[in-house]
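Below: a set of structures, written as structure tokens.
Here come two complexes built around chain A, the first alongside chain B, the second alongside chain C.
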Partner chain A sequence: MTISGTIAIAGAYEHPSRFSPDKTEFQIMAECAKGALDEAGLTIGDVDGLFGASMTMGMMGIVDLAEYLNLKPTYLDGTNIGGSSFVAHVSHAAAAISAGMCEIALILYGSTASSNAVAIGTGGRGGTNPSESFVTPYGMTTVGSYALYANRHMATYGTTSEQLAEIAVAMRYHASLNPHAKMRQPITVDDVLSSRVISTPLHLLDCCIISDGGGAVVVTSLERARDLATEPVVLLGSGEAATHQEIGSPDLLTIAAKQSGERAFAMAGVTHDDIDLAMIYDSFTITVLATLENLGFCKPGEGGDFVTDGRIQLGGSLPINPDGGGLSSNHPGMRGIFLVIEAVKQLRGEGGARQVDGAELACVHGTGGTIGDKHSGATLILGVGQ
Partner chain B sequence: MPQKYLNVDDVATLVHHRGTTTLPGVPPDTGRGRTVLCLHDAGSNGKQFADLMDALATDQSPIAYDQPGHGRSAGLDSLATIAAMVDQLDAIASGWSLDAPVLVGEGLGAAVALQAATRHPDRVAALVLVGGAAASYDLGSEIDGLAAITAGKARREFDRSGYAPDTERAVYQKAFANWVTTDPRATLGARRAQADWSLEAPPSVPTLIVVGEHEEPESVQAAGALADRLPEAQIRRLAGAGRHGVLEQPEALATAINEFLSSLDSEGAA
Partner chain C sequence: MSEIEHPLPHASWETRGYWEGAGRGEIVLQRCPDCDLVQHKPRGVCATCLGSHLEHFVASGRGTVYTYTITNQNQAKGFADACPYVMAYVELDEGPRLLTNIVGCDPDAVEIGMAVVADFATQERDDGELFAVPRFTPA
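Take a look at the complex of A and B:
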């Protein structure tokens, strides 16, 4: 039994705000829920599966969210595997719908990271898991871990800061076409290289921005989706993975995307050449490069060359993150839901000035946690509805 | 300290006031004395006036708000022009039927206050200008510094200049807390708006220009030049203060404002 081709995304909504000091996380989620349900022609009363995560939702968070929305769902899923959570929620919802546990699944995310001045990448790490005792006391930060990965990549393959900067430049160009993006002023490779270093070799413009925001995705069966108001976007493949190698273990450059990507492509039965656009979690420029290699779009060590010469920019052979990504559009802490939303908009042809011509097949990959350390990966292959 | 959000042109604007807390959509209580509307500097926010508002609240009804992109109001960027800032002020004043408020402006806020009084002198009871008296001196180096910060080429550092000698640590802590909540991108936009502005038609509105005892010479000079251009202006020295009298000497500044407003009342009675 496979879920490939039987499940569809019927609604997707990204909150336009990038700074909402007057709102709570749940308020943002509720506004997003309305946006996604409205476009699908559904109401909150139709929802029977609730999926959600945020940086502050605790043990009972998903129940609190159900209470806030006045929902009594038959299926609850508060899986939190970091920024990739919402990509994973799509396949979790698909499994639940296929098993008859719910019919209309609502996936929600909201965050006020910017207006709460959360130091997402540079703040100290916490946690009580045993493995943290080997990392946290030494002052490791999120950006520090990604920087170690970048250093290793540079040492192993000769990847350069200029090549990483190409990714930031492409994302900013895309953001310049997105009226809601937080940073819209185009930048050059020199701008990236001359911005101050946050953690060697990552400069400020190699790092994602911090914003408020949120999003919602409605998942249902393809059969039901055909009766709804939007053009269905079909789930063709999905995969998940957890990588927990800890700093210093031998296989540092292999990230969770390798496992989750292989599974997703195999389920979808498509090749990398078939993909029209990729939505790739870009917490840092190095994240994109590492993910491209591990998903198999290029070989290990070839990522630096792959991202140059406009290949990942609109008009290139594999446009990545036409919305501007976390590097320039929005990053409220856990960006996975925006990857799904933008893929849906692109596959429906609703990208406007940033539309990828003829987009029919998208690869979505979310990373949660920190590569080079403990992290999760979730991959989806999405296609236009038949 | 009551606060509430007011939607101004789709921007959630945080308003600080005194007196009783009021329900959403209901204006703050303005039953005491005059309504004193406090306008903050670029990169600051309405909380800058917290101590001053406390001191004024016995006799007046003080209100302050965070400009877009500043403090805890929504928006990523500052309003681009002083005229747009006056539009915002108008929207708040008319939305809440604030009848001819007294405008207290610090730095950029002083420019907004002057422009508002120029636009409609009948709707401004008086002006109180502090913190560099509209800072008509050169803003170029500050703008260049902010541009470097927003491009990621320089670190953001708290400016401790302009304070009186022996200023207490608590004052700097308050200033830091107000400064750090605003993105330098918004501060840059607001400073550029200020640099692009000039006072073309000095308003005939009673004006008190407050100059700190330890204020920099160019700032004092600017205050004097401004007073010469305003038909109804008077200058008052604030003892023990530099350019940041709002934070450094809030009670003395409140006394000065109260005395100034009392003199207007007696003139009106006479």
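Take a look at the complex of A and C:
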């Protein structure tokens, strides 16, 4: 039994604001829910599956969200595996819908990280529990974890800061075409290299921005989606993975995307050459390079060459993050839902000035946590014209 | 720039062997006699076979830098005034990798593959107890 080709995304909405000091997380989620349900021709009363995560929703958080929305869902899923959570929610929703546990699944995210001045990248990491006590004493930061990965990649393969900077430049170019993006002024490789170093080898402009924001995605059966107001975007493949640095000296450079990507491509029965665009979690420039290699778009060590010469920019052979990504458009702490939303918009041909010509097949990959330490990965293959 | 003030580690019964070893100036690891796995972080079961006959042993304290980063910005207490400092994974001669700091040298002198040896920072806790955090210095 496979869910491939039987489940569709019928609604997708990204909150247009990047700074919302007058709103709460749940309020942002509710506004996004309305946006996604409206475009599908559904109402909140149709929702029977509720999925959601945020940086502050704790135990019972998904029940708190159901209360806020006055919902009595038949299926609840508050899975929180970091920024990739919402990508995983799509396949969890698909499984639940296939099993008849719910029919209209609503996935929600909201955050006021920017207006709350949360130091996501450079606040200290780790807590006081006994397991985290092997991390906390050493000054781990989110940037630092990715920097550990980047230095190892550079030493192993000769990857350069100039190559990483190409990723930031491409994302900023895409953001310049997105009226809602937070940072729209084009930048050059030199701008990235001359920005201050946060944690070697990563510069300020190798790091994602911090914004407020949120999004919503509506998932249902393809059969039901055909009766709704939007063109169905069909789930063709999915995969999940968790990776860590604990036992047996694993290769740091092999990240969760390898396992989740292999499963997603195998389920979809498509090849990398078939993919028209990729939505890749870009918390940092190195995240994109690591993910491309581990998903198999290029061989290990070839990521540096792969991202140069405009290949990942609009008009290139594999445009990545046409919305401008987390590096330039929107990163309120957990970006995964925007990967799904932009893929849906692109596959429907609603990308406007940043539309990828003839986009019919998209690869979406979310990373949660930090690739220099424990992290999750979730991959989707989405398509239209099925 | 000042020295890192390492936040206090908290031990459970699973991890206290490690922290007590640090207090004696030793890196203490776990070995599973059933499957020979050497593991870190310490836990109550073997991470390969889930056996519960784990033994503690004193490691050499020697290893090499697997990767590192010079951190210029960390707002957390104990680190904000210590930037730039070096955070690293050290691969011990016995196999496991530890997250740690490299101290006792110019941050720019650190490189991947460099031989290092454990060096313990003993600090006094608010209640007067002493605790030790393993870091590494060039061998």
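Please note the rule applied: the second predicted complex is superposed on the first by the 375 of 386 C-alpha atoms of A that agree within 3 Å, B and C clash if a C-alpha of one lies under 4 Å from a C-alpha of the other, contacts with A are read in each partner's own complex, and residues count from 1 in each chain.
The working rule: a residue touches a chain if its C-beta (ideal position, glycine included) is under 8 Å from a C-beta of that chain, and two chains touch if they have at least 3 such contacts.
Predicted model, so just to flag it, every value in this text is computed and none were measured.
Peer 1: Answer with first, second, both or neither: which of chain B and chain C does A:Arg196 touch in the superposed model?
Peer 2: In the superposition, A:Arg196 contacts both chain B and chain C.
Peer 1: Just checking: does A:Arg152 make contact with chain B only, chain C only, both, or neither of them? Give me first, second, both or neither.
Peer 2: In the superposed model, A:Arg152 contacts chain C only, not chain B.
Peer 1: Now for A:Leu205: first (chain B), second (chain C), both, or neither, which partner does it touch?
Peer 2: A:Leu205 sits against chain B, while chain C stays out of touch.
Peer 1: Tell me which partner A:Pro21 touches in the superposition: chain B (first), chain C (second), both or neither.
Peer 2: Only chain B; A:Pro21 stays clear of chain C.
Peer 1: May I ask you to decide whether A:Ala119 touches chain B, chain C, both, or neither, giving the answer as first, second, both or neither?
Peer 2: A:Ala119: touches chain C, not chain B.
Peer 1: Any idea whether chain B or chain C touches more of chain A?
Peer 2: The partner making contact with more of chain A's residues is C.
Peer 1: After the superposition on A, what does A:Ser133 contact: first (chain B), second (chain C), both or neither?
Peer 2: The second partner, chain C, only.
Peer 1: State whether A:Lys182 touches chain B only (first), chain C only (second), both chains, or neither.
Peer 2: The answer is first: A:Lys182 touches chain B but not chain C.
Peer 1: A:Gly144 in the overlay: touching chain B, chain C, both, or neither? Say first, second, both or neither.
Peer 2: second
Peer 1: Could you tell me which stretches of chain A are touched by chain B in one complex and by chain C in the other?
Peer 2: In chain A, positions 196 sit in both the chain B and chain C interfaces.
Peer 1: Can you list the chain A residues touching chain C in their complex?
Peer 2: Residues 119, 122-124, 126, 128-131, 133-141, 143-144, 147-152, 155, 196-202, 245-249, 252, 372-373.
Peer 1: Using the touch definition up top, name the residues of chain C that touch chain A in the complex.
Peer 2: Residue positions touching the partner: 4, 6-12, 14-15, 19, 37, 39-41, 47-48, 66-79, 82, 85, 87-89, 91, 95-101, 112-113, 133.
Peer 1: Across the complex, what residues on chain B touch chain A?
Peer 2: 5, 12, 14, 69, 72-76, 151-155, 180-181
Peer 1: For chain A, which residues count as touching chain B in their complex?
Peer 2: Interface residues on chain A, with respect to chain B: 17-23, 115, 117, 182, 191, 194-196, 203-205.
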